[in-house]
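Supplied in C-alpha cells, the structure appears directly below.
Chains here go by letter, A, B, C and D, matching the order in which they are written, and residues are numbered from 1 within each.
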C-alpha cells in the first residue's frame, strides 16, 4: 500500500477510469441481452446453456458476467460475454431441441480449431444432429415426483425442482406428503418454503389454496397430502401416476420399510435421501449412477458420502489409496437437541449450540461400498459443531506413491474443471475461505487447495468442504433425473462421451 | 389438509396445471425481455424504473416477477409484468433523461384515469418535461467519494456504491483509506469485499492491482491509501477533488476531530457513520435531510436511530406521543469481545457469543433531537444478544389518544407503501417472520404488524426490525446523495412533490 | 494505575502482605472448622444455618467465607467468620431441633443489643422455645414426591431435592416417570442427571441399577417408571403413598388433564411446572403461596411470572403501578427448533441458534392474576435469543408518583436483603454484569441496579435477570414444600413473623 | 425400565432406602470432619493430601466424597472416606513437614501389605523421613511471580496461584503488568478476575485499592503496574526480587523479544505461555520439564501441544508411531474476529461465531520437538469452531505394530491412573460425553475411550479432549513450579521415584 502521498504511478487518469467503466458497462449490456435469449431457448427448445459448467438459466446479468469470469480457471482466458451473446443469437434461429450447450467450450473451440469458418457454419456443424426436432414431438412427458417429508432436504429438493419447472421440464413435482398437525399447516409449510434462515428467501412466488390443499410455486401446483404411513396414500386419486417417491424422512432405511411406498397407487419407485441399509443400493451420482437400472428402491447415500467419494475416486485413480481416515467436522442438524435432553442416540441429546459432539458416521463404510478398491481401507468419524450448515471432511490418506502438494492440487483442480466428476467436485484456492462461503454450493464437495498437506511423501491430508444441505440435494436431484431417464446430451464433439449435464442449467439457490 | 384419499375436489387436472405453468412462463418471459430494456434505459438515459418502490435495475427475471407480485400490497391488484414491459418498450424510444419511473404508478393511473388514450399518448403526457435531454448534456460530473475506514459499514457502502456505479452515476467511489498492516493487505481487503459471512458474495467481479494499490470492482477503480490520520492524506495527488469523505471508523465524533479530514487536499465534506457529538448535525434521511445545507461535517446518526425515528414520526403525526421507552434487542457487533477480556466500555468486554449484554444507547436521545416534539419524552436502552446481524427495536409508547391494533397497523402499513417515508419504513405481516428474514433489507426499519400490541387504550407496543448493517448503510447512502446534490425527480404527476427516489433503483445486496 | 516506576506509596511491605495472608488463613481455618458443625447440626438436629440469607449447608470453606463477605451488603459490616464459628459451637451443644438459624442476624443482634450477656446466655434466650426436642420425636415422616417428566426442569428439581436429601428431610424424591424409549434408557437418564452443558456436573454420586430400574444419587433411591399416560402408573406398587406428583412435561395445563395424575394409586396432589389454565391456581412463592390450601392441583406459574411478580409487588406497594409493559429477552429453549423446520407454534420452528424470535408470553397476564391491583394494566411479550440459559425481563412502568433512581434502587435493594421477598428478589450493582453471571441463581429474579432508568418522573424502567431454569426450579421447590406442609420457623425474635426459610439452606448448584 | 406396574422385585423397602441414606450421611459426615484437618495440615505443615491423584485441599465435603468414589477406577474398590479420615487424624499429630500424601495409596497398601500393624505404626514407617521438620525451618521463601498480561491465560494463572496461596506457598503472585487504558481500569481488571462467562465466579474474595493500585484476593496482595514495554518496569521498586515473569501476551516469541523482560530490575526469568521460536525451549510438563535447567527464557508450548504430546508419548512407548496426522477441532479464541473484519492472519478475520475456520497450528511440529523419535512423522492442522472453550485433538496414527481397541484403551487408561503422566492424561468412558463436560479439567488432555478407533490393524484414531484454557494453565503452572524449584516429594515407598505432586493439591476451579 502506498504512503499517503503516492508516487505518480499510483494516479489513475480519468480516461483510464472511464475506459474501465465502459468495458464493464458493455459486458453488462451483453449479459442483459442474453437473458431473454437464454429463457426462450430453455423453455421453447429445451436448450440449456452454460459456461464451462456454470449454469446460465435463471441468472441475473451480473451472475452471467461472473460465470464468464470464472471461465478463466479453465482456459487461462475469459470467454467474452459478447461471444456468448453472438452464439446464443445464432442458436435462437437454429431450431435446436433438447441439448446442453457449453458456450465456453464452443467459444474456445471455434477460436482454436475453426478459424476458417463463420460462427454460424461452426455451430451448424456442431449441432447437425440436434436440429429439426424443435416441434417438441420427441419429448417425453415429464415424470411425476412426490416428496414424502418436507423437512430440510425435502424443501431443498422442492426449491431445486421448482427452479427447473417449466412446460417441458422432465420432472414434475406433483405432491408433498406430510404428517398431519394443525389447521394452519398448509400456511406454515408454505412459509417454510418461502423463507429459510440459512438459504434465504425462495426465488419465486408461493400461493396457498387451503380449500384444495395445494401450494402453487412458480407455476407448479403441488398437492399436499397428510398421511401417517406410506401405504395409506392414493396418489392416483390425485392424478399422479408412475411417480418416483422421494422419502426424505429417514424413518425407514431398509428395503422392507421403503417398499411400503410402492403399495400406494400411483407410486412406482422410491428414492431415499439417507444411507440405505441391507440391499438398498447407495448411489453417488458421478460414481455409480450407471448401476441404478430398474431397482424400485434406491438410496442417494449421505451428504458426507457424496462429498468425499468423488474426491477419493480421483485420488485413488491417480495415486492409489492404501489407507485413510475421514474425520468430518459437521454442522449441527435437527436430529440433535438444542439444550441437553433425552435423545435415543449417544451424545446427540446434548446441547448442540454449546458443544462439540462426537458422532459415528457411516460415510467411510459407504465410501468403501461405492469404491470397492477401498474396501477395508477407510475409517471415519464425525464431530458435530455449532455451525448452522456447511461441513468439512478431513481426509488423511496414505497413497500408493508419494506426491507433492502442487501436483496433487493440480489433479484435483483439473477434476473440478474438466473431468466427468466436475459437477461433483469443486476446487477453491483462497487464503480467506471459511465455511459460510460455500453455502449454496451446487457441487457435492469443494477441495480447499490452500489447506492441502502433501510434503512429497505418501501421506497427504485433503480438506473437502460441503454444503450438507444444498450440495447433497443437488446430488439427490441428479440421481432422481437418472431414475426418471432424463439423459440430455451435449453435442458429441464437445469432448468425449455425451454427458447428462442438463441439471446444471440453473442458478444456485 | 385432506385425508390421504382426497375427494374429487382435490384433484387438479393436467390442463389446469399446464395453464398455471404457462401463465408463469409468460410472466417470466416478459420479465426476461425487460432486463436489457432496464439496463439500457438506466445506463443510456439515466432512467430508473421501479414497481411501487421495488427497484428493478440489476434484478434477475425472477426478482422482477417478485417485485410485481408485491405490488398487490398497494393496489389490491398485481401490476402485470406484460404491462411493465409495454411501458418500458415505449420509454426506450422516447428519449427521456434523468428520471425515476414507477411502473406501478404509471400502470394503475393509465388503467384508472386515461382509458381513452393509448399507452404512448399517456406516457408522452406524463414525461413531457423530461424529454429532449437525452444527450446527457444536462448531467453534472459525478461527485468523488472516499471511504475512510473499510470495516463493516465501509464495505457495505462500497457494495452499494459499486452496485450503482456507471458512466453517468452521480457518485464515484474513488478511494478507500485504511490503516497499514501487512504486505498482503490489499488482497485481504479485496477478499473481505468479495465474501461476507453475513451478506454473502459480492455481486460482481473484483480485481487487485498490487503494483498501483488499486482494486477494481465492476468497472470502478478504487485507490487504496494507507494512513494513520486524516490530515496525512493527499487525495488530490490521486486525482480526487472536492470529495465527500465518509468516515466509517467512529474514531472521532465531534466537529473538532472530524474536521481533520478537511485538511486533506481534495477533501471537501465529511459524513460520519455514527452519532455525531456536539454541533455535528445528525441526519436521518426521510426526516431531516432537508436541513443538511452546506454543513461541512454531517453525521448519519446510528442504525437504531434511523430505524425508529421514521416510525416514531408516523405515530407522532397520527396520534401524538406522550411518552415512550425504546428497548433494542441488538445483534452483537465487533466492538464487543468474542470471549471475556478487557474492554474500556462497561459489559462489552464479556463474551458476545454467550451473553445477553446490557448496553447504553443514545438512540432515544438522538430520536428526540430529530423529532423535537418528543423532547424529554423518550428513554432508551439496548440488550446485545448473540445473533450476527439484524436487530429489533421494541417501542412502548403512550399516545395522546387511544387506538386499536388494526387502525394503528393500517397507518404503519400505509406509511410503508405510499408515504414520503416509504423508503425508510417497511411493514410485514407474517406469523413466521424472524430476524434473519430481514437480512439485506433496504429500509431503515420494518414494522412487524402481527406483533403490534394495541388494545384500544393509549398504550401501544411496536416491534421494528432493522438490518443494522444494510438498512443503515442504505440510509447513509441516501444522506450521501443528498450531500452530493443528487436530486433526480419523479414526474410531477406521479402524486405530489417530486421525490429523489433514484437511490431505490437497484436490487438488494 | 501507577507509572511503571511507582512512588513509595505503591510499595507494600512484606509484613503487610504477610498480615493480609494471615487474616485470610485464619478466616479460612474458621470456615473449615464450621463445616462438620454445619453438617452435624443439619442432619442430627434439623438446624439450618445461614448468613443473612446465604445458605451454609453443603458449602465449601471458601463458599462459607464468601457468604460472610456478602453480609456487608446488609450491615455495612462483615459478620466475622470466627463469630459464626463460636455461635455454631454453642448451638452444637444446645439440643435444638428443627429451626432455621441466621448467624448474621444473631451476630449483629448480640453485638448491638445484648452487650451484657455472654454469647451462650444470648443464644439460650433466643432459642428457648426450640430446645428439648432433639430426640426428633416431633418430626413428621417425609412427604413422597414423584417427578413426572425428567426434562430440564425435572432434572433441576431432582438436583435440588437430592441436595436437600437426608434422614430427616421433609421431602423424599421417590420416583421419576418417563416415556419408554430404548434399552439404555436408564443409563441415559442417569447421565443427563450427572452432567449438564449449562449447570455443570452433579454435586454427588449417581449409581444405576438396571435390574430394578432405580437410580441412587447421594443416598436417595429413585424408582424409574415408564408410562405413556398418568393414570397408567401405580405408585403404591412401588411403596409410594400420598405423593405429590410434579408434572414437568407441560402436556396438560388444565384441571381436567392434570387430574389424570390423581387416578394413579399413591398420588395425592399435582404440581404443574408451567402456567395453569382455567381454574388451576397459579402460585408464585412469596406472593400468594398462602392461598394454596388443599387444592389437589396447583401450578407454579412460569419462570418469567416468578421473576417479575415479586419485583412488581415491591414497586406496586411502594409507588403504585398505573401501567406497564414487560418485554422479556429470553434464552432459547428446547421447544424451539435448532434449524428451521415445522413447529405447531408461530415462529418457534425457525432456527433458534440464528434468530431473534418474537414469541407470545402469558407472563403479564399471569402477573395480573397474582397481583389483582394490576388487573388490566400490564402488557407483555418476549423475544427468544440464542443464549442457552438466563433471561432478562425489561419492565417499563408508569408509577402513581414520581421517583428518582437512587430511591427506587434503594427500595429494591432493601427488598432483596431484608423483606419477606428476599428469597425471591436479588439485587446486583456491577458495571460488568452479563447474563451468564446469574447462572445458578437461587432467587426468582435479580434486579440490575445500574441499568435502572428513573429520571425523577413517573416513568421507570427496571431490568430483572433470571435463571429461567434454576431460579424457577427453586421457586417450584418452595411451592412443593408449601404443599407438603414444610414450615420450619426461624426464632420469633429474629425480626417479625416466623419464616419458612429452610429451603435456603443449601449451596447453589 | 419396568412396566407401569412393577413386579415385586422393583419395590424397595423403607429399610433399604433408609440404609442407603444412612450410608451416604456417614460418608458425608466423615468428609466434613476431614475438611478442617486437610486445611490445617496444608497450611501448618505443608502436607498435601490427595486420593489417587484427586486433590482434596479446598474441596467441599461432596467434592471429597466424589474424589473417593473415583478411586474405584484405580483399585476396583472405593477407598472408604472413613479410612481417609482416620489417616488424616493420625497425620495431624505426627509433626510431618512438606510432603504429599496420597490417601488412596496409603489405604490400599496398608490394607494389602501391613495387616499386622496398626495404622499408626504403618504411617510412622511410611513417613519416617518426613518428620521432625515441622518447625518449617527447612522451608525456602516463596518465589516471586509476575504476570505480564492479564488476558484469558493470565487470569487463569492468577486463579490457580491464588487457589494455592498461603503463608508457606512456594510461589507468591506479586504483580500484574497491563497496558494502560482508562481510569476504571483496576476495577475492570478486578471484575474480570471475579466473574468469567466460561469458568464462572472466582472462588474467593477480591478487593480493590485504587489508591495503591493493588488488588487483594484471598489474602494475596497483587500490585498492578501499567507499562507498554517489558523493560520499562521496575519490579524492585515494588519490593519484588528475582521474579519469574510469566508473559501471557504472546507479543514476543523469540529469545530476543522475551529477554527484554530481563532488563526490568527484579526480574530473573521469563516463562512464555505460547510456543517459543528459535532457541527458546518448549517445555511440556511431564515430558521434558527435566531439561529446564537454568534457561532464563522458557516456553510452555501451546495448549494443543500439551494435550497431545503426553498421549503420543504413551502410544509411542507402547507401540511405536510410524506416522500420524493431528487434526484439532478448536474452540474459537479472542484472536479471531466476532464478525468479518480485517485480521493480519489468514481466515481469522472471518466471523468466529458463524464459521468453521481452517487455521494452521504448529502443534504437530512442536510435538516432534518434544518427542524426537517422531521427527518428520507428524502433520497437523486445526479447524476453529464456534464453541467457547474446550477443544478436541483427533490423532490418526500408523503404529509400528497392530493393536486392538481394548488393549489400546487399556494402555491409555492405565497411563491416566498410575503412570508418571497421570497428571497430564485423563481417560473417560461415557457414551454421553461432549466438550463442555471437560470444562475445568486439570489435566492437559482427556482421552475419550469410547471414540477410539482401533480394529486390530496398525491404523488407530484417538480422540483427546482438552480444556484449552484451564488444562493448559495447569501445565503452565507446573512448569512455573519447576522453574521455581518447587519439588515436594511423596514418600519414597509410595511407588517408585519421588514425584513433585504438590500442584495437584487443590480443587478444580
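Going forward, contacts are C-beta pairs under 8 Å (C-beta built on N, C-alpha and C of every residue); 3 or more make two chains touch, one makes a residue touch a chain.
By chain, UniProt protein names: A, B, C, D = Glyceraldehyde-3-phosphate dehydrogenase.
Quick caveat, the model's predicted, so the values are computed rather than measured.
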Taking each chain's C-alpha mean as its centre, the one farthest from chain C: A
Equivalent interface to C-D, taken from B-D, A-C or A-B so that over half of the residue contact pairs match: A-B
Centroid spacing, where centroids are CA-atom means, of chain A and chain C in whole angstrom: 53
Distance from chain B to chain A - Cα centre to Cα centre, in angstrom: 33
Chain A and chain D, separation of their C-alpha mean positions in angstrom: 48
In chain C, residues with contacts to at least two other chains: 178, 188, 192, 195, 197, 349-351, 354-355, 386, 388, 431-434, 436
Topology of the chain contact graph, where touching chains are joined (line, ring, star, complete, other): complete
Touching residues (chain side chain A, partner chain B) in the complex: 1-6, 9-14, 16-18, 20-25, 28-29, 32-33, 35-36, 38-40, 43, 58-63, 65-66, 69, 165-167, 178, 180, 184-188, 191-192, 195, 197, 200-201, 203-205, 211-214, 216, 218-221, 223-227, 232-234, 237-239, 430-434, 436-437, 439, 507
Sites on chain A touched by chain C in the complex: 150-152, 178, 181-182, 188-189, 192, 196-198, 332-334, 336-344, 349-355, 386, 388-389
Touching residues (chain side chain C, partner chain B) in the complex: 323, 325, 327, 329, 346-347, 349-351, 354-358, 379, 381, 383, 385-388, 390-392, 394, 396, 398, 431-436, 448, 451, 453, 455, 459, 461, 463
